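Step one of this worksheet: look at the structure below.
All chains are identified by letter, namely A, B, C, D and E, in their written order; residue positions are counted from 1 within each chain.
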Amino acid sequence: VEIIVHNPFVPETVEGWSLLHQTFRIRWPELRRLSAAARVELAAEAVARLRTEINVDLGRTILVQLLGHKGDLMLIHARRSFDDLSQAQLELTQANLFDLLEPTMSYLSIVELGMYEMTAKIHEQLGAQSLELGSEAYESAFDAAMDVQRSRVLGRLFPELPARRHVCFYPMNKRRGEAKNWYLVPFDDRAAMMREHGHIGRGYSGRVNQIISGSMGLDDWEWGVDLFADDPLVFKKLIYEMRFDRASAEYAEFGPFYVGLQFAPSRLADLLDGRTPQLVTHIPAD
Amino acid sequence: VEIIVHNPFVPETVEGWSLLHQTFRIRWPELRRLSAAARVELAAEAVARLRTEINVDLGRTILVQLLGHKGDLMLIHARRSFDDLSQAQLELTQANLFDLLEPTMSYLSIVELGMYEMTAKIHEQLGAQSLELGSEAYESAFDAAMDVQRSRVLGRLFPELPARRHVCFYPMNKRRGEAKNWYLVPFDDRAAMMREHGHIGRGYSGRVNQIISGSMGLDDWEWGVDLFADDPLVFKKLIYEMRFDRASAEYAEFGPFYVGLQFAPSRLADLLDGRTPQLVTHIPAD
Amino acid sequence: VEIIVHNPFVPETVEGWSLLHQTFRIRWPELRRLSAAARVELAAEAVARLRTEINVDLGRTILVQLLGHKGDLMLIHARRSFDDLSQAQLELTQANLFDLLEPTMSYLSIVELGMYEMTAKIHEQLGAQSLELGSEAYESAFDAAMDVQRSRVLGRLFPELPARRHVCFYPMNKRRGEAKNWYLVPFDDRAAMMREHGHIGRGYSGRVNQIISGSMGLDDWEWGVDLFADDPLVFKKLIYEMRFDRASAEYAEFGPFYVGLQFAPSRLADLLDGRTPQLVTHIPAD
Amino acid sequence: VEIIVHNPFVPETVEGWSLLHQTFRIRWPELRRLSAAARVELAAEAVARLRTEINVDLGRTILVQLLGHKGDLMLIHARRSFDDLSQAQLELTQANLFDLLEPTMSYLSIVELGMYEMTAKIHEQLGAQSLELGSEAYESAFDAAMDVQRSRVLGRLFPELPARRHVCFYPMNKRRGEAKNWYLVPFDDRAAMMREHGHIGRGYSGRVNQIISGSMGLDDWEWGVDLFADDPLVFKKLIYEMRFDRASAEYAEFGPFYVGLQFAPSRLADLLDGRTPQLVTHIPAD
Amino acid sequence: VEIIVHNPFVPETVEGWSLLHQTFRIRWPELRRLSAAARVELAAEAVARLRTEINVDLGRTILVQLLGHKGDLMLIHARRSFDDLSQAQLELTQANLFDLLEPTMSYLSIVELGMYEMTAKIHEQLGAQSLELGSEAYESAFDAAMDVQRSRVLGRLFPELPARRHVCFYPMNKRRGEAKNWYLVPFDDRAAMMREHGHIGRGYSGRVNQIISGSMGLDDWEWGVDLFADDPLVFKKLIYEMRFDRASAEYAEFGPFYVGLQFAPSRLADLLDGRTPQLVTHIPAD
């Protein structure tokens, strides 16, 4: 039996949904030349190919109308595996709507909870039991303790994607500069900074939902962040305040930001018609 | 009731218009092949879809002819919400002119006044009243004081976009370098640098109007800056002088610059005809 | 006879397969308009032009379906020479499928084993024999010792590309910063860091296969890394843990990541049909 | 009356022509399919739309055939105002030749003379007269002194663009690094470095002409530099020698270089025919 | 008479061929649809327009099939002047083959020998003769001494481009960092580092040919490097070993690498047919 040795310098993580973000520009001129009925049909066929209903077991796909030139449409696919993500990606290529879409960005990641506090605590407890790091007893006790943690946070690993109007996605790194290098900071200092960071976040609870996903070894940045809020000003206020906490001020590097309006899949035809599509399905379009 | 705790290290901001900048290249060869009448019609239909008249409640859109290859046309949309910006963006995609436009850049932000002086002053006053930071009394008193400030500067939060010929837009960051990091500078030093920065700006009052918008959590830089002037040399002189103040010299990072000539929406057909369109509507075109 | 002087500051390397990675976007709309039979034919003709069967002497080509917008298809060609890689590259351009492919990335490298430990050991042994560095005796003894090493690791220089479902490719550099510069670190410190790095890697043995290739003088980064695993979470866990070892934390710079699903060449038609192609050939497609 | 306060830390500048550089790729295949007569007509119509004759009042446009893939044609427009530059830019879009041009770069700037020596001297003289910085007397005396300087150098502010064969354009910044920051260097040190820099330049007088333009607030770098020489080796020798002076070695950041052959506007048809066009108009083309 | 003052801090250089590198992607689908005869004709016409025979006076053009997606074809033009390079560039645009080529990169430079040793030696000798730097006597004696040097190395300034199979081109800079800045290093230290650098290079003599060209003031990097070898592994070994010498480890910055197979111009049709073209002309193609 192979033993996985838990490294006390590395915070344990637990993982949930596999995520694929995709953004597209829409070819408006070609779309405008179609009849309204044809646009309705395009929308209906595309949505039928995506898994857009809430499904706790299989995951689902949400739709966001983006602001600005980086894209008109963002899809966020949450699935149980990379094979499922692959099928979601391929399914869209088979929609007639795909002829009018130009891919502009994508991001591959896995929902992740970083567990600085628990990592330290479990190592401490096992150390107190005189178990030796790397021994089979230590490591299987560690695994067992982590399993408990994982089941405790299962709902946060496989969350429903929140039905809030405004969505903000951005990737980020922890800095590995020549003078400031997150990965050389002692564990306890990193844990303290993450605590402070989380504390600021909790000041916004109720006003914003956040889903963190890890992308080391998967995409070009280390993490992806999705924020969901009713009021987009919250994105600005939250990120501004966090920029002054040490974890962000000294160690965060931010990639491009993608911001837009989540809408009900059944309203996709509105978007194709040039009308801002609504999130709530029961409001009439005109 | 949730309490929002005001962080004394973070300058308070108050916000106004939601802004979307969009730049486009024009497909001149296709345009030139149209009849002059067709170009007039294209221009009229496009302008009718944009909200170009001054409207203090709903906001409006201004048009700028850009110099250089980054684009031929820049639109600046000021609106009350992201839903309204979305509709402005979509409305343009429905114009026949959109067939001849290639999006090259966009920028999403919210008009912002940073209030270093007031933040310090209110915290000082509440501290002097022996209120405790984070207590309900403190925070609601802070909210009330900020509301007063917000109404005081309301006109600057929802400004008319100035009817000046030359427009300069650029995004910027405060540096978060390994040695020089704005977000680690003590509050009072930052306030002093912003005071000096504002002092230089005031030396140009009357010659230039400036609209600052915040874009943390919204777009790829932290702020957007719009300058409006009758004489474009003022852009160069102002930015050169400011480059030597500490806030800029040590801490500012500048993105690309977009410079052009604002023109009356009713003169869009002139641009499409290859004639520099005028800002003033009553000057005959030829 | 020319003597090649072995530089004791430079770890010796031994080399195997020449590698060419190629990624392509697929033009789905054009592909979808073809009949299913035509897609089967396209796939069969393309695969016939690639050398996809395992061949220890000549090398072979494997196929990977990529996730995200960086490409839909990645080919990894392993060959005995650059002439052979050239022919693999040209052969694909002659396939009818090439009309529907858009190249997005490539990477040229040579499988490499870096031999910090052996380099030090051989220099030490020859020094102990009172041979003088740079003398014909010393250098030919060194060459002979390296030849022994090379034959010892021959299987790792010309490995079969592992038949595992998930593939991750990324290029990387060792940092040459102004303060932290790998190439100025003393040999023994570098060797110690590589030892620690290898130690972490061995903790994942069985769960991941790794092929390192050198690309100095060949492509834009210094090394290419290919990882193969049944579970893609292993990529994330491995790279996260390694980010805290000194060789990575202080000295590694990472390029873009390409992640996807390896599939059997005979299943290429499934991909062209919009169905996730399987790695195992005997599972029926529907 | 508003007083403009002259800042003694900021070197005064005086300004001349507004400049717009534009580069284009030529669509050779389409051009080659035209008849020679059609190419002559295309060239003649395009040149007629540009202001190519020397005109000290209104400015003019020169033509450069670029070497390499950044473009085939560079236009340098010198005009009295941004409105005039705008019209030059628009006029070209109306030429039939524009159908065969792809814009690749542009640069917007204003011819500038930086006056380190005079700035210091005037401040010193006014200080010696016991005038107080910021007082109306001081500032209007300063303005008057600058007016004298401006008229003294008027010819250098509105220079004829030199009729030399080889042209080199590049943009540049003064570094604002974390350790080396031009804008934090004391005025006298900057003045001394600029003196040394100018001294090297004078060693090349007669062999090269230089036009410096300022682009802060106008384009993405701080300055544009145009060099004109009969022998292109002079560009290499001059820039190499200057790279060792302190102003360049420590503080200069260089953008992309655009190098080519200036030619007579009347020879544009030669270029379109695939023959290197000459600068001198009276040499027969074949 | 104007005196050119030789700057003792700047190593003298002597110059030879003007070089233009060009890379192109080939439009394979369009090419494949042509008949084999048509491809032969395209190849013959294109080669006839290039000067591909060895010509010591006028220079020539060599052809390289590139590996990877950066391009399929690289041309290296060596000529006596920029006018000649311009004509080579234009001549190709007139070939029918140009319809199937997409330019992807170019590089403009001049073959250069840097003369650290001779610069120091001549200054020393003239100083010993009590001549004064900057005096007419000193500078004309210096010019005369350099002329002697130039004729001594004439063959290396106008070299034949080596007929070796593998070609590697890359541009590079000497670092001008905030802490490590080549241009601030004392002359003698730079000379010592260049000596060490050359020493490593000489260890590869016979196995690799190197042509250095200077591109300051001409293109976006400071130097271009062309390597020619029978075995491409030599590129990797050489560049790896050099990365540890001080000149490279501390001060070199490398641009993108272009690697491929040189082939006989008469074999261009083979490439267009999708067969790796040979360097030697007398080997039959099939």
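Here is the rule we use: contacts are C-beta pairs under 8 Å (C-beta built on N, C-alpha and C of every residue); 3 or more make two chains touch, one makes a residue touch a chain.
No experiment lies behind these values; they were computed from the predicted model shown.
Asks: State, to the nearest whole Å, the distance from the C-alpha centre of chain A to the C-alpha centre of chain B.
Replies: Centre-to-centre distance between chain A and chain B: 30 Å.
Asks: Hey, how far is the Cα centre of chain B from the one of chain C, in Å?
Replies: That pair's centroid distance is 48 Å.
Asks: If I count partner chains per residue in chain B, which residues reach a count of at least 2?
Replies: Expected reply: 178-179.
Asks: Considering only which chains touch which, how would you classify the arrangement: line, ring, star, complete or other?
Replies: Per interface graph, the chains form a ring.
Asks: Touch as defined at the top gives a ring of chains. Read it off for me starting with chain D, then chain E, then onward.
Replies: Putting chain D first and chain E second, the full ring order comes out as D, E, C, A, B.
Asks: Using the touch definition up top, name the residues of chain B that touch chain A in the complex.
Replies: Spelled out, the residues of chain B in touch with chain A are 2, 4-5, 7, 9-10, 13, 15, 18, 20, 22, 82-83, 85-87, 89-91, 93-94, 98-99, 103-108, 110, 176, 178-179, 181, 183-184, 214-220.
Asks: Under the stated contact criterion, what part of chain D meets chain E in this complex?
Replies: Listed in rising order, the residues of chain D that touch chain E are 25-26, 28-29, 32, 65, 67-70, 166, 168, 175, 177-180, 200, 203, 205-206, 227, 232-233, 235-241, 243-244, 248-250, 256-257, 259-261, 271, 274-276.
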